[in-house]
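These are the structures in question, set out in turn.
Each of the next two complexes has chain A plus one other chain: chain B in the first, chain C in the second.
Coming up: the complex of A and B.
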């Protein structure tokens, strides 16, 4: 089963994202900040990461830098979740190794499409 | 989607106050970039989450505020108090909308167009530099020392109606009583097989009891979460400069205690700002810093919660208080003059007391500090004041850690303590304040009260042939001599004799002349002492037998 890590400080958004991802047959893990996400990744690298930018403790960009420096850390598909107020974040995230970005609020179709664009194989019929 | 909405309500209930506190903290000290970032993060979260839930009015407000904040992050020096005011207003509107949503399940119709337009307006040419600095940046928020409130961790929580929790608590109290009855029966049971399950039941009952108490706990600091904003708005409205320092607040107490404290703290802070702290020029003339200080701290002490609010303002003017009390007809001028300053200070908590001729818009409305005291007393707490003229005032509120009703519940099974029909009470108290306080209290408790202002007055009543079932006398003022004469030489020797004292009860010299010793401040204790004495009749010594 494909795995996806949701990193967002909002419990509401983690919950929305979990529903969408589970409907897409992902096995989901959650982290509420970058540091927590890093700890989970060291434990086991996910196939994909849905990453928020604004978080306490360790923000999305710091997490991304840290992840990509990890052994094997280049593998996970990282999709930045952002809003239209943050164009500079998109640029910085892509420069730091994010594969794609999506605007909140997103839905299952958008996520599936972006994951596919980023090269994550479909796993629905696994 | 309903559970999502619940999550959203829970999350915003946490996020909005944090955003407000951080915004006020940043305004006070624009170098605190982390505060600005935190506000931004909060608004961002609200915006994103409301977008997912199709709460478009909240989303639009949060979006406008977030965009404004984004520009503020670029040019923080362009910030004006009006701008912060707009942002605070946006937070208020979001909170109102969320409240409406929680109550009715839908967003209200208001689309906040004017506020969003104001937030979205491109700044006019910045005003000259000196005006751009916040004119009276009011205060350093608490979080200057304390780290900002922890962001919402993904802890597992759910909202519970307090009534449900109270009902649960009541059931558990019943369970505890039943368990206790069973434990008492245990030795009489011949069947030893019951012993082990009964002990397990006992342990589980204890855990339940503990759990329901913990479910109601909240940090004390929740009671003053809103104060930085209150102080900011008021100090700007008044044109006074204030530094608000908040200490402690992490101790957990029952949420009813926190709720009770919330209003009182707001009231006391308003009072300090309005009446306590001087105008900047007055302060300068008095050799003080222009910026007044309001310091709030909380700690646990003797199993109770103490919260103290201290200001370095003008302090209480005992003479003005004496005059007011006399002018109100509460005391004769002689009685007023005889009061110590500390006694006079306590009069500020009497209903109807106000030394200012006119109530101001801020703490006005004719509401005095008596509401603070009665709020504390409803919780079986108390309020004390210390003040030095010219230096400042400290008011301390002491409250139990759990709601008094919970304690009352545990007594529900006991027989009611009833006051028998009309006992005659003689109250001998030289201090007019206490005399006036206790006489109506005893009357309200169902006693027939006669008050005497001195031992001489009491003996006059004796000579006139009056009789009493109880004599309550002031140990410190009237003196032990009165009690000795009462017990050894008077017709009243069979009366229940109760001593009132200012001293801690443990330090009162033990004497046979009193059946009970009660602290003057302990009004409930006085009523209890009388009620329980009559419930279990005191064996009064026969005349001449007393030591």
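Coming up: the complex of A and C.
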């Protein structure tokens, strides 16, 4: 089963995203900031990361830079998921190695479309 | 909304657009009519229905038809079709034409996502130049299409983020297609039930997810019209689930499937006819 790490400091967002991703057949883990996510990634790299930007301790972009420097860290598909919606933010995330970018608010259709766009098409559970 | 109300509406919409109004969609119709009533400064749906039963003007009939037609669409809808156009259809058509100029008609373009998707695609195809015409019956849809303004939700459906950055500018609360792309499309209000001859000839016609909403007689009429507008080696694209049942002799399925059709025999995708 494919794995996805949800990184967001909002428990509500994590819960909503988890429900969507589990319906798309992902095994989900959660982290509430970049540092926590980094620790989980060093233990085991996920196939995908749904990544918030603004978080305490270590923000999403710092995490992304760090992840891409890890051994094998270029492999996970990373989809930013943030309220930041200025073109320069998007460009910075892509330059840092994000595969796709979701502007909050999102719904299941957007997550599904963006993950497929990033190279993770799925068979939905029936 | 009574069954007799639905009959009145079905008659109006059917006569003006060929669309079939499913009797079981009264709730949806009522929601959409409420918006029309509001825009027309009528107190509510009942007053609107009364006006429609009396002597409705052209503008009101248009507004009602417009509101009851389904205009839901997304950028790059049904991606495999766009892949096929990019990899096979457009290069073949352009290769057989002077200057690589391909005349394209996006018929029933709704809010413009389809023609804009085509324009984005063509920008990356060397040797392909699109002469892009887009039409719809709905004034409201065309207005939005021309403005090229889309909500954050709309630009996240089907559009890769790199394409958003490249082809859109952010406004305060929406995303606007860049002028060079807006200028690449000629917009026209057009009813597919009308005589298509004045539109000229096209090498590629997209008429996707329209026929499925039409009455069989209207479908037959539209398919005949489209056949007459297609160049001998031209390609017609219908929705992935649509067929040419009402005009079986006028088209044949093109290789690759996916709702692509050509005129029978004489010419096809694999052997584009050159010259006139």
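We adopt the following convention: the second predicted complex is superposed on the first by the 117 of 126 C-alpha atoms of A that agree within 3 Å, B and C clash if a C-alpha of one lies under 4 Å from a C-alpha of the other, contacts with A are read in each partner's own complex, and residues count from 1 in each chain.
Please note the rule applied: a residue touches a chain if its C-beta (ideal position, glycine included) is under 8 Å from a C-beta of that chain, and two chains touch if they have at least 3 such contacts.
These figures come from a predicted structure and were not determined experimentally.
Chain B and chain C, once both complexes are superposed via chain A, fit side by side. When the two structures are aligned on the shared chain, A:113 is found in touch with chain C, with no touch to chain B. By the touch criterion defined above, A:100 reaches chain C but does not reach chain B.
Chain A has more of its residues touched by B than by the other of chain B and chain C. Rounded to the nearest 10, the angle at the Cα centre of chain A between the centres of chain B and chain C is 120 degrees.
Legend: residue contacts after superposition of the two complexes on their common chain; A:14 is shown touching chain B, with no touch to chain C. Of the two partner chains placed around the shared chain by superposition, chain C is the only one that A:90 touches, whereas chain B remains out of contact. Of the two partner chains placed by the overlay, only chain B lies in contact with A:30; chain C stays clear of it. For the pair chain B and chain C, the least inter-chain C-alpha distance in the overlaid model is 11 Å. On chain A, the surface patch touched by chain B in one complex and by chain C in the other comprises residues 85. Those residues of chain A that touch chain C in the shared complex are 85-87, 90-91, 94, 100-103, 106, 109-110, 113-114, 117.
Those residues of chain A whose C-beta lies close enough to touch chain B in the complex are 9-16, 30, 32-33, 52, 54-57, 81, 83, 85, 104-105. Within the complex, the chain B residues that touch chain A are 4, 7-8, 10-11, 38, 40-41, 44-45, 47-49, 51-53, 63, 66-67, 70, 151-154.
Only residues 152-153, 156-158, 160-162, 164-165, 169-170 of chain C touch chain A when the two sit together in their complex.
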